[in-house]
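The structures come next, written out as structure tokens.
Next come two complexes, and both contain chain A; in the first it sits with chain B, in the second with chain C.
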Partner chain A sequence: MGILPEIQNVANQRIVEVLVSKLRRRQLVGSRQTAIETVLVLRQVVAKARFSNIEQLIQIIKAVGRRLVQAQPKGVYPSPVYSFPVHSIGLLNASAFVSLPYPEHTVGNTVRKVLHHVREEYHAVSRAGPSTQTQKSSFLISKFVSQGQPRKQTLAAPKSEARTTSLRENDPDDPDSFAKGLKPVLMEAIQDVLDELETVYDNVSKSARDHIHSDEIVLTIGHSKTVESFLKAAAHYRNYTVIVAESAPSFGGHEMARSLSSAGISTFLVPDSSIYALMSRVNKCILGAHAILANGGMFAITGSLLAVSAAQAHSTPVVVCAGQFKLTPLWNLYHEYGALDFADPSSVLGFEEGSLVDKVDVVNPYFDYVGPELINVYITNDGDHPPSSVYRLIKESYDDEDHEL
Partner chain B sequence: MPPKSSSAGKERLIDDEEEPLQAVILADSFNKRFKPLTTSKPRCLLPICNAPLLDWTFESLSLAGVHEIFVICRSHADLVRAAIRESKWSKPSSGLKIVPILTAKETFSPGDAMRDIYTRGLITTDFILVNGDLVSNVRIDEVVKVHRERRKTNKDAIMTMVVKESGAKHRTRSRGDSAVFALDAESHECLHYEPVTGYPPKSQVRIPREIFAEHPEVEIRNDLIDCSIDVCSVEVPSLFQDNFDWLDLRRDFVLGVLTSDLLMKNIHCYIAKEGYAARVKDTKSYDSISKDILARWTFPLVPDDNHPGGHSYEHLRGNRYIAKDNTVILSRTCKIGNNTLIGSFTQVFDNAQVTASVIGQRCKIGMNTVIRNSYIFDGTTIGANCVIENSIIGSKVQIKDKTRVQKGCLVADEVVLGPEAKLRPFERVSKRRDADDAEEGEEGEDSGDESEAEGDDEEEGGDDEEDASDDEDEVESDSELEEAEANQAAIGATLGADTNAIAWPLQSGEQEDSDADEMETFNNQRLMRIGDDASDLDLTDPGSITSSEVDSDSDSEDGFMISGARRASSSATSLPLTTPSTELLVPPLASAAEKEFQSEVMQSLERAFAEGHSVDNAAVELKTLRMSTNVPLRRVREAVIAGIVEQIPIVEGNPAQQRKEIASVVDRWGELIDKIGGVDAVETVSILQTHCATSERMPLFGQILAAMYQNDIVEEDDIREWHKLPASKGEGLKSGTLQENMQKCWTIGSRMIQQFDEQEESEESEEESED
Partner chain C sequence: MSSAAGPPPEDAGQSSAPPGTPPVKSQKQMTKAERREIQERQRAAKAEKAAQNQSKNPGKSSNKPAQTSKESAPAPRKVSKPAEAAPRGAQGAAGQSKDTKTGGEDKPAHTRGLRIFSHFGLPKPTSHKGEVHPAIVRLGLQFSEFKITGANARCIATLTSFKTVIQDYVTPPNNTLSRHLMTYLSPQISYLVNVRPMSVTMGNAIRQLKLDISGTDIDLPEQDAKDALCGKIDTYIRDRIIAADQVIEETAGNKIKDGDAILTYARSSVVEKVLLAAYADGKEFTVTVVDSRPMLEGKKLLKVLSSAGIQCTYLLLPAVGSVITEISMVLVGAHSLHSNGAVFSRAGTALVAMMAKQHSVPVVVCCETYKFSETVQLDSFARNELAPLELFKSFPRNNEEDSSSLGDRPNLQILNPLYDLTPPSSITAVVTEVGVIPPSSISSIPLALGRTIL
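== the complex of A and B ==
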């Protein structure tokens, strides 16, 4: 069976291609939205895929994942060994030659997560084996038995029959039988990922009232949806004040301040430059993350490093709210402050400043890199974790063999 | 399969397919500013930041959700077609349908191409018209949405031009070829378009006065980059068909539509607030757009993110981009400066310096070589100890050791230079033709060989004629090339011992064709050349002289009707420009045309009167006449009123008879005044006044006016309004008979208004008495 052409074919499907070009053109905004879109695409791909053993399926998903991640030319380098044939470049120091992550890590993360779930389901099913027909096996298998029946089968069909057909890999008589049997479970698994993404804000906000106390002053920067819902959730129980730094040049803080004040929270909007001056009065910094790295550091909106350093100087606790889909098996080894994804200069220097454009080089980074030593705790949809245990979470969420898609 | 995802997917597809969007790319530049780089391939396949221009254009269009693209190619059509076939865009997954269309060799201008589109009947809906050298990340679909919305209420809005705010002195804004736009502040309707050339500097823009009368708020802008992205309606190609003399999209089409009040069509502008769009029109804009891309103005269309050529680059601090596939070899001691892009498989050897440049794939840069502000295409080898500055080097060029390529040089593909060659600034070099590939035909270039001796300060330039294009017909080019070949000995440039190249003759501005297009004159072209700062040209702004009546003298000598009223409402207002620009007074040609028009009008009116044509027929005749000579409406009105007044026979000593004569003439012909293409009764009265003031029929003014009033050609309110105008009193005129007569007419008018007032009063009193 020509599995390679099949993979090729799947990776070039129209639906994948549409997402790829959306990613390239930055038409998708927001990590969660991107993650959801990725899951939807993967679900479609799995639903249509033809495979006769688990390896083929994983190959297919990986191929799609690779295509999607490659659409983001700033590839992920999970390996700390940096291999680049540049012997030397004058005018530059070594720190400029970092492997730079792409802004939407969530795509890769989501693919990894889906792969992890797929494997889990498969192992659960195969471990259960055709012989164990009772429902005392693992939680997942029980779910498969109770809900995961193929739709086409009549209810009268005996369960054991469905089970045996579903597990026969590489069946020469009916190569599709394996796929047919496994697909419902897979759909279930993918649905789990999707559900997790859809409830991520609620789950992060669950513990909000344990973190924010009455009459506290909280500082945040920019507009993070997670932080927004976290603060709003806390406002149900507590009466407190938020200082929002506007985070130039995107000024997401404006939107944030509007949203918070309309929810009845006492809100101050301040320019980024006054963060340090105000920090002495702040009880807590609550920030959003763009990607959480394996070492416990994170990429976050420009200005975060400013806020966090100020917090460090005043010994103010720094709390980061983020969904687990932002966990990225990636290290930032070389770069000290920025994430080097640079946007266009127009928000810093207007295009209409014609005569200046020629003379000024504008640097407009999207994200800051915030090291693990500056962060006190991550609040995720699955509990609170110190930066030092992020590597553990990553180990649990993803399979090692998927780090390189 | 879970139902949710499939239905969501379907919905998305349906949304996409709702209104299939068509686009037309003009893949020919219709000029030859890139000579000799464009000898072997068309401009749209020249790489910018290592991807062909055409790919950038496709990317811009597919960003807008275009479904069907027609690529109009003329020169090197087979190359364009092959490039499209092999590009990622023609794969089914790209969702684009690209149709290359080969147009005839006789297509010399965008106008011809549009006519070709019309004849082929390709266009079925609103479409996007762009050039094959566009780099843009503007959301064109937004523009299309705005355009379609506008079309729903206003069927005459035929086109939306995308313009980008840039400030007057932006590097991407061409100094040689820009424009002033007069826009309605609210609707962004383009009211007036004035092309601006950089040399000779333009100091004035003439804006028709009617614009200010009709629009409460007008923006006059000299800070816009014309992105050459037009959202056109279906009728645009047909307009080109109707007006076979339109060549340029802007200077002929836009100007033609705006100045014609017969077409009654509107053109709007869309001022792109976000995004970047510019056209590689010339080598200078090639340079500035490359820099804009490297400085990430085109984000997310940047080399490290969404490179149209599909390469992947790594973005390093200082906007350095290095190909990411681990194939670039940079020596330990080489220096890579800011704003540089280096393609894959390229090697840079010891102590070489590359700054603000783009290096293609598989290039070699030798030891101690310095490259600054230059663009080097794929596969080029540069030896040791060379200096290359502000130049464009084609692909597979070999430049041997110790060669100097100074500012503004263009080196065509496969040229071998050196060793120790020294090119003069602005030298253009291409490969000498071998006997067997002679018929490949390197295309023509206007040559002028006298200028070689004039030294380096007098630079050559492309004195391109309007119809000249990337691909000249063989005969012409051969002769020119032979001329160039014959002159090799005379050319001072040393091209080195191993060279296979010939230098194109340098040219200076001295021997211009006097009738060459203003845009294409040598000095203006200099403003569009890479590396040319044109500092020796006198481009200083003549200052901001605001004068509103600069031009009133130019057309007052035309005889037929000399008047003070004319002066007051003379048709244009002059505005100072903030950038260097050209004087554009009414060319003598125009006044000649006007004279001709006046005599024609008189003849045709005489004929009409004598042969008793119907009013409609006479009106049609006048309209056609006006179309062919393109004079303002007011002239026609003047001519018609004069004709009618002169038609009235003078009856001495019999007022009753006289009144009857007047009434009969006005009854018969009065209608014509309002049928020539616009109604403006106040103007009619003042024209009548000024005509009578200079005519022997002066005493008849009151009666004619009364007759017109009777025939509803003018209303009471119009007469009152006319009466209020200071010009009607003869103000601002030198005292003399003219002013006296004007005054007299005005007094007659006053009397009439008095009568109106009395009438009203009596009516009112009647009403009162009835009560």
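== the complex of A and C ==
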């Protein structure tokens, strides 16, 4: 477990293990933070890695990715602390509910993104002559659907002039030349990914003033940093009201309300029970996502499904703000609900309830699954997209062979 | 706007704008000093203009300090007097918005927000305790501290207290019981309403009581009349509540089959009785109790059910989406039923009913007929009640300091509406003592009871 054969470099292994233990201990808070740390680790790994052809590099990165993803097991197994007698409720037939951290999909997403960029750079660099073919009028919709956007190869052409000839894979005399030649380009690519991550909040908030109008009443749930920066950015231009539903039992809404009201936005903090009651006055529902799935649906904090359904009942538009690093090439086929991950039940029914603890099952899921038909638009750092085009974004950001790390 | 807490810092040019419009954007970015400067300049300009006019404006400008102090007095009552606020705001829009510029920019948040929710009842400071019977005072205290909650409980408690009041009542000379008792009871009733807005059940019961009082035979000796009234009250409770509940237990119990997974929300006394009766009948089923802040009443129901031996699951409202696919029936109670078939019930019921309907789970509302109200209510804003903040700080694990610091921030309001309206489209059937009724036929309940009013 600690020793990855693909990474012969001891220093790299140490870096990876540090991140692994941070993930396990929940020392990383927030999807974006996790993504940034992952990119930094990958950058160091690539910088110190030794490889003589592209496949080796990809294997190294994939191995690191697998290790990181495995550091946060998703699933249920008996927990020694909370031993509730369980009576199965249909599909929720786990043997006991655990208090494990939910998996951060962003780790896997970041690894996939880095792999995608690595491959792209490699293809750009190693394509000597035939980089001129793209000017043919081959823009067919069928090709578009199967291949995604035409790759931006021509941009890389001038950079690669000096290097195309010197890149030789698997050179027996000089095994490091390939790596040496490719690394600077890779470093830039990885830096791009890092830059994108660091400017996520700013980019998402760019379109804030177009989405929120004067005197609107906006509903949000819990605490999403992306939504927070979006609303604060809009507050510079518009005067509007926000209703924040504290989301029990994590009560993230309190933090959100505190932060928004300090920014001068008039805020109402309400319990989740009044979402339907207030929805008739709400103009927009703005939510955050934990992960955006391949079909355009999303995993979001519990309570999102309620809010989104209530919004649909009132024909209120639902807007989701998320960075592109949350796009995940996963599906949620077998479960209508996202409740495979559960949180600590004592925040719902604590031990102070005494005798009840033994007799009662407590369900405290982390996430809801919200289907694509309930969402109107995703506002990402790369623009606004309807849920029906999420599949295309995934095709463009990740490579097919990376879906399974 | 007259709701005195203060107005948005309006520009002079926007005098004709209705109160509560957003201030010019740049104001937010200026420092406080700059804003004060602008306000001073505008005030001076207005004072000049006002000096020329002969309209009410000069009166207002010069009396500004007096007026703001007068207006700040009603400030604590502004939530309960929205009707005055609106016309006052409309008339004095021009003068008012300039006058009340003394408020800082945190005030606009309050004013604008409270305009939307201002008609929700908040408990008012009580007065005129002198005329109020001690039993009623005690009842009022129990209501205001939410020791007695729930439509049925409140109604029964109210009627019981009124029995005490009636027994203690002495008809003054030259008056008849049937006429004077009503005037004697009125301040008691308004005291209770001040403490907490009247529930529909209390309203119906009191209306019935008034009818009985005015129908009292004048020739009866006083004690007999009082006893007769108390007897009628007892009959009312027995027939419309207790007996009705028994019929509902049986009818709804027939809907529960072995192996059912039943979901209920918060705590309804009727649903509790139904579930206990069905379990005592030997039916095998599991119950999922969904609960929510601010009242967390579901825990009480949970205790009762699990001590009876029913297998229960407990979860908070946001998690409903995850379990609804496993549920076979949703059983909820109601605060009141309306003619259009809508059910007014504890906040959160609408969400549960909506989710259930989306997953084709039948939603059954258990409700006695005396909860019927002829009014038609369109949404949760028409009448609602806000829970007082001090009572509901039951954050289980978070630090107490966090939650208390939320209360005194500018721009931040905490709202706890207690009720919401479930539209008839989300309800499958209503079980009453006169039968199982689809929501569209609710308006025929009075006819079913053989009377034109309840």
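Simple rule for what comes next: the second predicted complex is superposed on the first by the 322 of 405 C-alpha atoms of A that agree within 3 Å, B and C clash if a C-alpha of one lies under 4 Å from a C-alpha of the other, contacts with A are read in each partner's own complex, and residues count from 1 in each chain.
Please note the rule applied: contacts are C-beta pairs under 8 Å (C-beta built on N, C-alpha and C of every residue); 3 or more make two chains touch, one makes a residue touch a chain.
Computed from a prediction, not measured in an experiment: that's the story for all the values here.
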{"item": "Which of chain B and chain C A:43 touches, first, second, both or neither", "value": "first"}
{"item": "Which of chain B and chain C A:377 touches, first, second, both or neither", "value": "neither"}
{"item": "Which superposed partner A:351 touches (first chain B, second chain C, both, neither)", "value": "first"}
{"item": "Chain B versus chain C as contact partner of A:191, first or second or both or neither", "value": "first"}
{"item": "Chain B versus chain C as contact partner of A:251, first or second or both or neither", "value": "second"}
{"item": "Partner chain in contact with A:17 - chain B first, chain C second, else both or neither", "value": "first"}
{"item": "Which of chain B and chain C A:362 touches, first, second, both or neither", "value": "both"}
{"item": "Which partner reaches more residues of chain A (counting touched residues only), chain B or chain C", "value": "C"}
{"item": "Contact residues of chain A, present in both the chain B and the chain C interface", "value": "87, 89-92, 346, 353, 361-362, 364"}
{"item": "Chain C partner contacts - residues on chain A that touch it in the complex", "value": "87, 89-92, 214-215, 217, 236-239, 241, 246-249, 251, 254, 257-258, 260-262, 264-278, 280-281, 301-303, 305-306, 309-310, 313, 336-339, 346-350, 353, 356, 359-365, 368"}
{"item": "Interface residues, chain C side, partner chain A - complex", "value": "21-23, 25, 28-29, 105, 108-109, 112-113, 116, 261, 286, 288, 292-294, 299, 302-303, 306, 311-323, 325-326, 346-348, 350-351, 354-355, 358, 379-381, 384, 395-398, 402-403, 405-406, 409-417, 419-421"}
{"item": "Residues on chain B engaged by chain A in the complex (per definition of touch)", "value": "1-2, 5-6, 8-9, 12, 62-63, 91-95, 164-173, 223, 274, 276, 291-292, 295-300, 302, 304-307, 312-320, 322, 324, 326-339, 353"}
{"item": "Chain B partner contacts - residues on chain A that touch it in the complex", "value": "12-15, 17-18, 21, 24-26, 40, 43-44, 47, 72-75, 83-92, 96-97, 100, 187, 191, 340, 342-346, 351-355, 357-358, 361-362, 364"}
